[in-house]
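Common to both upcoming complexes is subunit A, partnered first by subunit B, then by subunit C.
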Partner chain A sequence: MKYPYYPGCTLYSKAKNLDRCARKAAALLDVELEELPSWNCCGAIYNTNIDDLAAQVGPVRNLAKASQLGEKLVTLCAACYNVLKRAGGHLNATGFEEERKRILEFVDERYERDVRVMHYLEVLKEVGFEKIKQRVKKPLNGLKVASYYGCLMTRPKEVLQFDDPENPIMMDDLMATLGAEPVRFDFKAECCGGYLVVNRRDVAQACSMRIIENAKTWGAEAVVTTCPLCQYNLESAQSAKLPADKRMAILYFTQVLGLALGLGEDELGFEDNKLDPKPFLKEKGLL
Partner chain B sequence: MRKRIGIFVCHCGINIAGVVKVPELVARVKAIPDVVSALDYVYCCSDPGQKLIKETIKEKKLDGVVVACCSPSLHETTFRKAASEAGLNPYLCEIANIREQCSWVTSDRDEATEKAEGIVRTIVAKVREDQALERLKVPMLKRALVVGAGIAGIQAALDIANAGYEVVLVEKEPSIGGHMAQLSETFPTLDCSQCILTPKTVEAGHHPKIKLLTYAEVAEVSGFIGNFRVKIRQKPRYVDIDACTGCGICLEKCPVRVDSGFDRNLTKRRAIYRLFPQAVPNKVVIDAKNCRQLQGKKCGVCARVCPAQAIRYEDKERFLDEEVGAIVLATGYELFDISKVGSYGFGQVPDVIDGLGFERILSASGPFAGEVRRPSDGRVPKRVVFVQCAGSRDANQGVPYCSKICCMYTAKHALLYKHRVHDGEAIICYIDVRTPGKGFEEFYRRVTDEGVKYLRGKVSKIFRRNDKVVVWAADTLAGKKIEIEADMVVLATAVVPNPRGVELARKLKIAVDANGFQTEAHPKLRPVETLTAGFFLAGCGQGPKDIPETVAQASGAAAKVLAMFGTSELYHEPVIAEVDEEICVGCGNCERTCAYEAVKVDKRKGKAMVQAVMCEGCGACSVSCPAGAINLKNFVKKALMEMVDA
Partner chain C sequence: MNSTGNSDLVRRIEELSGQRLQDCYQCGCCSAGCPIGEMMEPPPSKGVRLLQLGLAEELLASDGIWLCASCLICGTRCPRNVDYARIAEACRAIVLRTKKSQVDPDKVSESDLQDVPQQAFIASFRKFSV
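Right, the complex of A and B next:
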């Protein structure tokens, strides 16, 4: 299966490991990710105001490019997923016809058709968790992991239609597929603090610590994420607030996927994790 | 063909005469061919108005009458009765609606007068073609079926049985009493629910006129008002109900333990069980899914210990046929599946329970013998948060309507908690407190006076912090976001119709609304009847309600059944479909179209046949017939064409 793929800026800088593991895991699952040519930044969070038309142009240009390749566009970063999918949703909203025309006037590429923006997890779902289970080389037995979706994966539910907005389970199911023990917890879809970390580090840390503490209450030993900013916040809050021996490993779900599918230690990009997960994974007998 | 038609134009005070120019209308319609009299009167429905109609019929020897007035749904019966008293067949008296369809919706007086004339002309054209019809007599079986034996079904069954008529009372659970049997005490008087319920269950269980079928469900209903045939599915109980003495030895010896649904999964029961100790009938039942023996494993303990030798592992599902004249649906409610509201953590976060769960905790026969303790560790909770509107009034995640009973039962819960845990803190998070009922507001006052705290704001999230349950809410009066660390949370979960009741209603073609509640024939004036003759409604299957309201509605439904049984024969409107067998080719279009299953193609004759008493006169078959072989009496195609032309 071949899918057009949009990595996004962060996956080329801070979150290389999220991207690389995803590509390698996809190859092991016979999924071909074809990178969108000359893509641009999705606009991060700036297009959430529907009447700010200039901010829609960036994501729509990516959609227009994707529309020339096919009907789907795969994203990996939770923020890119949210932004691109919402931009597509806005474009098709009734009563938005005039604005749609104006936005498309600013986009050089022809907008051939509506594109279904998918998250990588949804691609895995299309591949089939059963099939993935058969490809698992190293079952993650005994790994108690909390799946953290953050606020961008599930909401607004009318547009994203990803999973239950308050209690999503798709990533939990994937973890179970890989042999790990998914730990349900109460803060799966609460905000990590996001960009508040720039000017209100204290608030962002409080948000992140709530998530960490709740995951611990439910017995999690590690947290998996889909978003580079969540990853950064959950790691840096722990570095600031907890002694080294109390910190929990924060892993990208693609790292965990790659590990289970048999990628080597040097391919998983653990050196880019701020909190080194290797000792923990060694202790669990997974490295 | 009617040749001597009389017209009566009603002013309806100024309702009609304020817009329609009545004298001009009278003058114009008098000129219609075959009209021999046209009169007007200020209120035709009044006694003098009816007298005028009767006298004119006799005097002018009228053979058809048109009353131009309000909608036929209001006074058609009045005027037809008057016509009949004057010796005219009532079906030759028709209504021309010039109020709802003309004067109320038209402002220009000339236009209104013209339109009124058109309406009257149309109806005159119909009356010309009308036939004298006779009402159809329907024999009636004076025996009732009541579906569901909660408090609604029990009350309806007792009322009908005490009037001397036989009742078949069908209950899907192994014993009767419904949800009321799970409750602790009832608001606002705090009577013990079991204590006021059990005399009723015992009476229903032993009533000579009540045939009680428990662990049974209605599978099929055919026939029509006065003559229903009902097929009842008796689920296998695996226990001989006549032999079982209810001694309870098997309940102690059975090795299997599963969650007790009756106790909202807060306790365990055995695979052989009864719902509660005062069950009526006091007979056990085996839950086949969890029984070792019935799942093919080695066991048979209950059969060995039963002194009455009542165990029947070979029991099979059976079907019983009953014939009844009227059916009362008392199918009751369930609680909304609040685990669908992911942020409330129900079923996941320990010590988050629903309202019925807390009833069981408060109950002397519940998991902690009436002491308030937490399900997770048995500790006495020192701070309890009660969350109102959990799923109710929430079109996004729950149901759009108000479940009506939660404000009161939550107030009761908080008060009973305070009575049992004196130093405990009870906090109620609410959106609005609604207390419209006798003694309700006074009860709410009492609850606040006794120290229960009310916080106005919706709860956004419930989660676990170590062994506490944390509630995030808003205090909208203080304008603050609040966090409460509690020991236990009770969700006042929305009331939804019992899904089995919704299924049954759909099967019986009883209308249900968007939320699955059975729909009454008229929201104000016919609250216990349905639009299908012979079916009546009682209890929460029709909408959320408390116990006194449920009992009142059940008695209302019973009174309707008894009123029916009180007459010797039933009558059916004669405006029904009629097949012209010369033209009918038996294609079956009408059979597929009919919503009432009143038209069937007779295979032997190859012609459509109308079951007269089941026909509701809607006319759908007539329209669907490609050959034009079906006509609705007094709405024959010729008359309809003439009406259009007029």
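Right, the complex of A and C next:
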């Protein structure tokens, strides 16, 4: 299976490990991710004011590029997924016809068809968790993980239609497929504080620490993420607030997937995690 | 509506956000669910109440509208389908369009630039600066 793939800006810089593991794991599952040619930044956050049409141009241009290749566009970063899917949904909103025309006139690319924006997890679902299970080389037995989706994967529910907006389970199912034990976790779709870290780090840290504490309460040994900003906030809040021996490993779900599918330690990009998860994974007999 | 309040501003906020303020019956689900609700002043339900009373200027001058991370829990849990994240964004736009930035991209520290993911800067500048 071949899919057009949109990596986005952060996966090219601070979150290379999220991206590289995804590409390598996809190859092991016979999925070909073809990078969208000359993509641009999606805008990182969706703007909602009804007259803010300029903010729509960036994401819609990417959708137009994708529409020239086919009917689907695969994203991996939770923010890109959220923004591109909402921009695509908004284009077809009732009463938005005039604005749609203006936006598409402004975008210098042919818009050939509506594109279904998918998250990488949904691609894995299409591959089939049964098939993935058969490809597991290193079952993650005994690894208790909290699957953290954050706010961008599931809301707004009417547009994203990804999973339950308060209690998503797709990543939990994936973790179980890989042999890990997904724990109950109340804050799986709570906000980490997001971009408030730029000017209100105290607020972002408070949000992130609540998530960490809740994951610990339910016995998680590691938290699995889909978003570079969640990853950053959960790691850096712990660095600031907890002594080294109390910090929990935060892993991209693609690192966990790659680990289970047999990617080597040198391919998993753990050296780019702010909290080194290698000692913990060694202790669990997984490295 | 309070006759001393500014109804033009309230109407502008309704228009920009696409939300109907009179739909809110003040149950407080939004403020209870907001991960930042304890730190946010006013919290979402109180923000809506200010607008219902015509006190838009008070909300526009508040710190609360700058503490929303757009996580959409408030709107998801609202039994009346009012999305406070969009209301806060409309309020911020009214302030930002008077050229008053909350975040200055030129003042980001070098260490943060090296450390924080790009998406955070882009999102922050989009929501909090002009």
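One rule holds in what follows: the second predicted complex is superposed on the first by the 283 of 287 C-alpha atoms of A that agree within 3 Å, B and C clash if a C-alpha of one lies under 4 Å from a C-alpha of the other, contacts with A are read in each partner's own complex, and residues count from 1 in each chain.
Convention: contacts are C-beta pairs under 8 Å (C-beta built on N, C-alpha and C of every residue); 3 or more make two chains touch, one makes a residue touch a chain.
Since the model is a prediction, treat every value here as computed from it, not as a measurement.
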Which of subunit B and subunit C A:Pro4 touches, first, second, both or neither: neither
Which superposed partner A:Asp186 touches (first subunit B, second subunit C, both, neither): first
Touching partner for A:Gly89 - first (subunit B), second (subunit C), both, neither: neither
Which partner, subunit B or subunit C, touches more subunit A residues: C
Which superposed partner A:Cys151 touches (first subunit B, second subunit C, both, neither): second
Touched partner set for A:Glu166, first subunit B, second subunit C, both or neither: both
Footprint overlap on subunit A, where subunit B in one structure and subunit C in the other make contact: 165-166, 190
Contact footprint of subunit C on subunit A as seen in their complex: 8-10, 13-15, 41, 43-52, 55, 77, 79, 151, 155-157, 165-166, 190-191, 193-200, 203-204, 206-207, 210, 228-229, 231-232, 236
Footprint of subunit A on subunit C - complex, ascending: 15-18, 35-36, 39, 67, 69-73, 75-76, 83, 85-86, 89-90, 93, 102-103, 108, 112, 115-124, 126-128
Interface residues, subunit B side, partner subunit A - complex: 341-343, 345, 348-349, 461-466
Footprint of subunit B on subunit A - complex, ascending: 164-167, 184, 186-187, 189-190, 213-214, 217-218
